[in-house]
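By written order: A, B, C, D and E. Residues from 1 in each chain.
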Amino acid sequence: MNEYLNIFFVILRRDLTLAFRNKSEFINPLMFFVIIIILFPLAFGSDSALLKQLTSGIIWISALLATCLSLEAIFRSDFEDGSIEQLTLARYPLTLLVSAKVTAHWLTFGLPLIIVALLTGLVLSVPSQTMLALLITLLLGTPVLSLIGAITVALTIGLRGGMLLSLLILPLYMPVLIFSMLAVQNATVGQSIAAEIYFLSGILVLAITLAPITTAAALRIRLS
Amino acid sequence: MSIFNIKNLQCIRRDNILFQGLNFDLEQGGLLQIDGVNGSGKSSLLQMCVGLIQASEGSINWNGVNIKESRYQFQSDMTYFGHSNGVKAELTARENMKVMHALSGDKSDIDYSSILKQIGLAGLEDVLLSRMSAGQKRRVGLSRIFMTQSKLWLLDEPFNALDKNGKKIIEQLIVKHCTAGGMVIFATHQTMEIDGYPLQHIHLGNET
Amino acid sequence: MSLYKKCHRWFHQFASPKYFYDISHIISKYAIVVCIICFIAGLYGGLILAPADYQQGDSFRIMYVHVPAAWMALFVYVVMAVAGGIGLIWHIKLAEIVARNSAPIGASFTFLALVSGAIWGKPMWGAYWVWDARLTSFLILFFLYLGYIALQSAFEDRRVAARAGAILALVGIVNIPIIHYSVEWWSTLHQGSIISQIDKPTVHMSMLIPLIFMVLAFKTFYVTSLLIRVRTEILEYESNTSWVKQLLRDYKNVTN
Amino acid sequence: MNEYLNIFFVILRRDLTLAFRNKSEFINPLMFFVIIIILFPLAFGSDSALLKQLTSGIIWISALLATCLSLEAIFRSDFEDGSIEQLTLARYPLTLLVSAKVTAHWLTFGLPLIIVALLTGLVLSVPSQTMLALLITLLLGTPVLSLIGAITVALTIGLRGGMLLSLLILPLYMPVLIFSMLAVQNATVGQSIAAEIYFLSGILVLAITLAPITTAAALRIRLS
Amino acid sequence: MSIFNIKNLQCIRRDNILFQGLNFDLEQGGLLQIDGVNGSGKSSLLQMCVGLIQASEGSINWNGVNIKESRYQFQSDMTYFGHSNGVKAELTARENMKVMHALSGDKSDIDYSSILKQIGLAGLEDVLLSRMSAGQKRRVGLSRIFMTQSKLWLLDEPFNALDKNGKKIIEQLIVKHCTAGGMVIFATHQTMEIDGYPLQHIHLGNET
């Protein structure tokens, strides 16, 4: 067990180091996130009453798209330099190694994204109960995005066309988006958001238990 | 009894049969070179041996068990080094070695500097691999066979990009490993200089 | 125990390509007959016998295409995912073939349901398309199908493609309950479930019976077209086995 | 001259072949674009009056985002397999070769995108004068997106810390978005859109003349 | 007069001076091998010669003109083949060759099949490179020196991944090119077999 924990942290450390070395990979999606948010007033005109209504939706959409942009980094470089073969052939379960990689992705992308999202929410003066709902849904939702995203990346990595990835991933993200938006809308009008939180937690638990196994299987399939 | 053995193996790529009915046994201390021209299937055979691609027919056994059935058992006894180095350009030599060492499952303490020295990269501990030459990268990748306890090594063109001295270091390590009861299967287009250690051969393809 | 073994053996026999090739021929023959009968009965009942709706007039008759197509879209997806899963776990070739060939059929049903729904929407809601949860999530199902097909074509090796597709289909199955329950979870414009209204007088028997026929017709149509596709692919897959070569020889003898 | 034209078409053909090798490659960006459009009603709730107001803005934003995600493909694989060195060292001006690559990107991505955008507009019953403005702005705008995008990618491809530059250039998309949205809004209320079209055409001409040179320079900087 | 010459060249990488005060001249028919251990700066020197990296000091001249000043002139007289093959995995051999041929600026009609045959890849015209072996890919990459009219070739470890026969083909081509008045600069760790054609050497690094 201890040995497994150790190898988990070795891989986690490795991926975190890589992310911090290559800062653009880590900051670009965040910048992308902010820029998307800035685009909306430009596109919708600056009718502030209208925009206010849309803010939380905009934040969530931007988060989703920024995730799409960041996902490929989970496996791409490993695929290209042959590291992925070495991970597959290691003496440890691939599921474990994959979990570490996904954790690293969430730490370097999901977590900062939540912080930036909250800051943006503050700047755009989102009311506090909406803000809380936003925080909770992002906390529960972004790990799911990383986890499910990893499966699709594993399936499509190295196949021609990065588009294929986005095509596969967005439909799979819909449930998370739908429940999160429901929660935020309910919170805005002062209703309970317990049901949505249960749903999101359920999805998260499901994703945590099943996604790494599936990702490992997908990687093996992709490599064979 | 042979420890690693292959029975009636067949390889089909691009609808061509590259080889079929391939059999061989490897005992303790066995050193096996796979020969053949470009495209004859050497890499494919090695990838089959480690389970990266599936054989269309035949079986590969480790200690008498099909490697598909005891995958992690086999993987913990085996080290593979392919055409690509399997190292990260954005990590330093030491960081790369730490990861390789951890993945090999060897739990002993290792002095990375001394291994780098053995492999001719003294003083390059903290240099990013992206700032190394082709041969230096290859050496870092090869350092994994200095840090593993596994019995079976499978090396695909280990001497690519290495200079004469680098080649000699690896040759000596291979012989040492086999002498100590290990096994090595490798493919190379260069001539091995191993001072009389018995070398087995498999020829793939029609030409020799 | 012995029952389990029997089932097991039967399953493997059924899944062997040659046996399946033979038996599917018989099944598809019956299925196509049932399909045609139900189709005629359903159309006659739905378009001619059933009275016009007191609210919707004649436009409700699109239901006889829309509802079975929408149900089939969901059903085929589940079949695809389950067959894919079986192929993934037990490496059964037949299951892989069934999964792969269900995708285009399912996508077509989805498309049909979308188009018929849109046409129906114009008189009902005054617009071809509204962004409500049912419609949106159903559109997403369409993209899941297309994504599956795109993934299939991205791989060169069909067996690898089948396994990759199976993973995608299994992960995507979470959308099915969302589509189905969307009318309950969200206030939408879309109609609620018909089945739950059977004991209430909202849906008249003379409207319901033709619908049942249409549903049967769609289902048997799926079975038939799937089997035709599967049989073709079995032949492709097994083209260098002795039984297919024998089959070809027999066929040549007959045609000569 | 003829020789230059010839090499232009060789590279164009090469990149188109690469894009079309995979049959689905052609449809993927389009579906991706549509999926992004679907995200909005999910995130904003289904208040159809509100959404109607936003439709053309949503279409433009989706086009912009889809472009962002598609851009990296212009140079990434060339960078990884060493082709870019060979292009740089060829006897032909790099500007020419780069132009061919950008053209290929627009043909495989921008053009289909315009078609799908129009179809989407139809389905969402965008009024015809708005539609026309949408068509014109997309025709003038998407090549600019490809051209400017190429500079960014050339600067940042495979690079650590190139993010700052990408940050400077991404806002260059803003003028295109602003003028396009102005045109669409004016068209909707029945006003003339001539001014915006002049501006967009100006930007396009500027981009066509300057972007390839800049991209070539950026590539050389990146490689040295 | 020497056609390609290098004056007082210095190379600094990672704050180390790899070499300095390097001079050499290459006449028509000159064949020059760059020797040195891994990391001694062979690839760096070649990259400087083609202008991919800038020298910190010194100049490189082609026909008496600094290559920085007449870049396209020099580039049209030169063919470079580096560690990476510079071919696209998703194109077939023929498609790759078409692009390479067009980029080389040679306007003669070329029969791609016959070149593939010469280079030992007969019949692989329409195979994607992603489905070829390491050596086969390398050969497709090397096919560019069969399709160019340029005088100067710069080859970085051209024999990597090639089998013995492939190596011989390239060696013969090099000698043929030089005999016809061309020039070749290359780096390799393997022994050249060129039947007595005069071979010049540059040694980089301290060890020899």
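Methods note: contacts are C-beta pairs under 8 Å (C-beta built on N, C-alpha and C of every residue); 3 or more make two chains touch, one makes a residue touch a chain.
All values reported here derive from a predicted model rather than from experimental measurement.
Ranked by the number of C-beta pairs in contact, the top chain pair here is A-D. One inter-chain figure worth recording: chain B and chain C are separated by 49 Å, centre to centre, where each centre is the mean of the chain's CA atoms. Averaged Cα coordinates give chain D a centre that lies 37 Å from the centre of chain E. In this assembly, the C-alpha centroid of chain A lies 25 Å from the C-alpha centroid of chain D. Residues of chain E in contact with at least two other chains: 83, 90. The set of chain A residues touching two or more other chains comprises 21-22, 159-161, 164, 167, 170-171, 174, 178, 224.
Multi-chain contact residues, meaning those touching two or more other chains, occur in chain C at positions 133, 140, 143, 146-147, 150, 154. Contact annotation for chain pairs lists A-B, A-C, A-D, B-E, C-D, D-E, with touch applied as defined. Interface residues of chain D facing chain E in the complex, by the touch rule stated above, are 3, 6-7, 10-11, 14, 17-18, 21, 77, 81-83, 85-93, 223-224.
Listed in rising order, the residues of chain A touching chain D in the complex are 21-25, 27-28, 31-32, 35-36, 39-40, 42-45, 50, 53-54, 57-58, 60-61, 64-65, 68-69, 80, 159-164, 166-167, 170-171, 174, 177-178, 181, 185. By the touch criterion stated above, chain C contacts chain D in their complex at residues 127-133, 136, 139-140, 143, 146-147, 149-150, 153-154, 188.
Those residues of chain E whose C-beta lies close enough to touch chain B in the complex are 13-14, 36-39, 41-44, 83, 120, 127, 131-136, 138-139, 157, 160-167, 189-190, 207. In the complex of the two chains, the chain E residues touching chain D come out as 50-54, 72, 75-76, 78, 80, 82-91, 95, 98-100, 102-105, 107.
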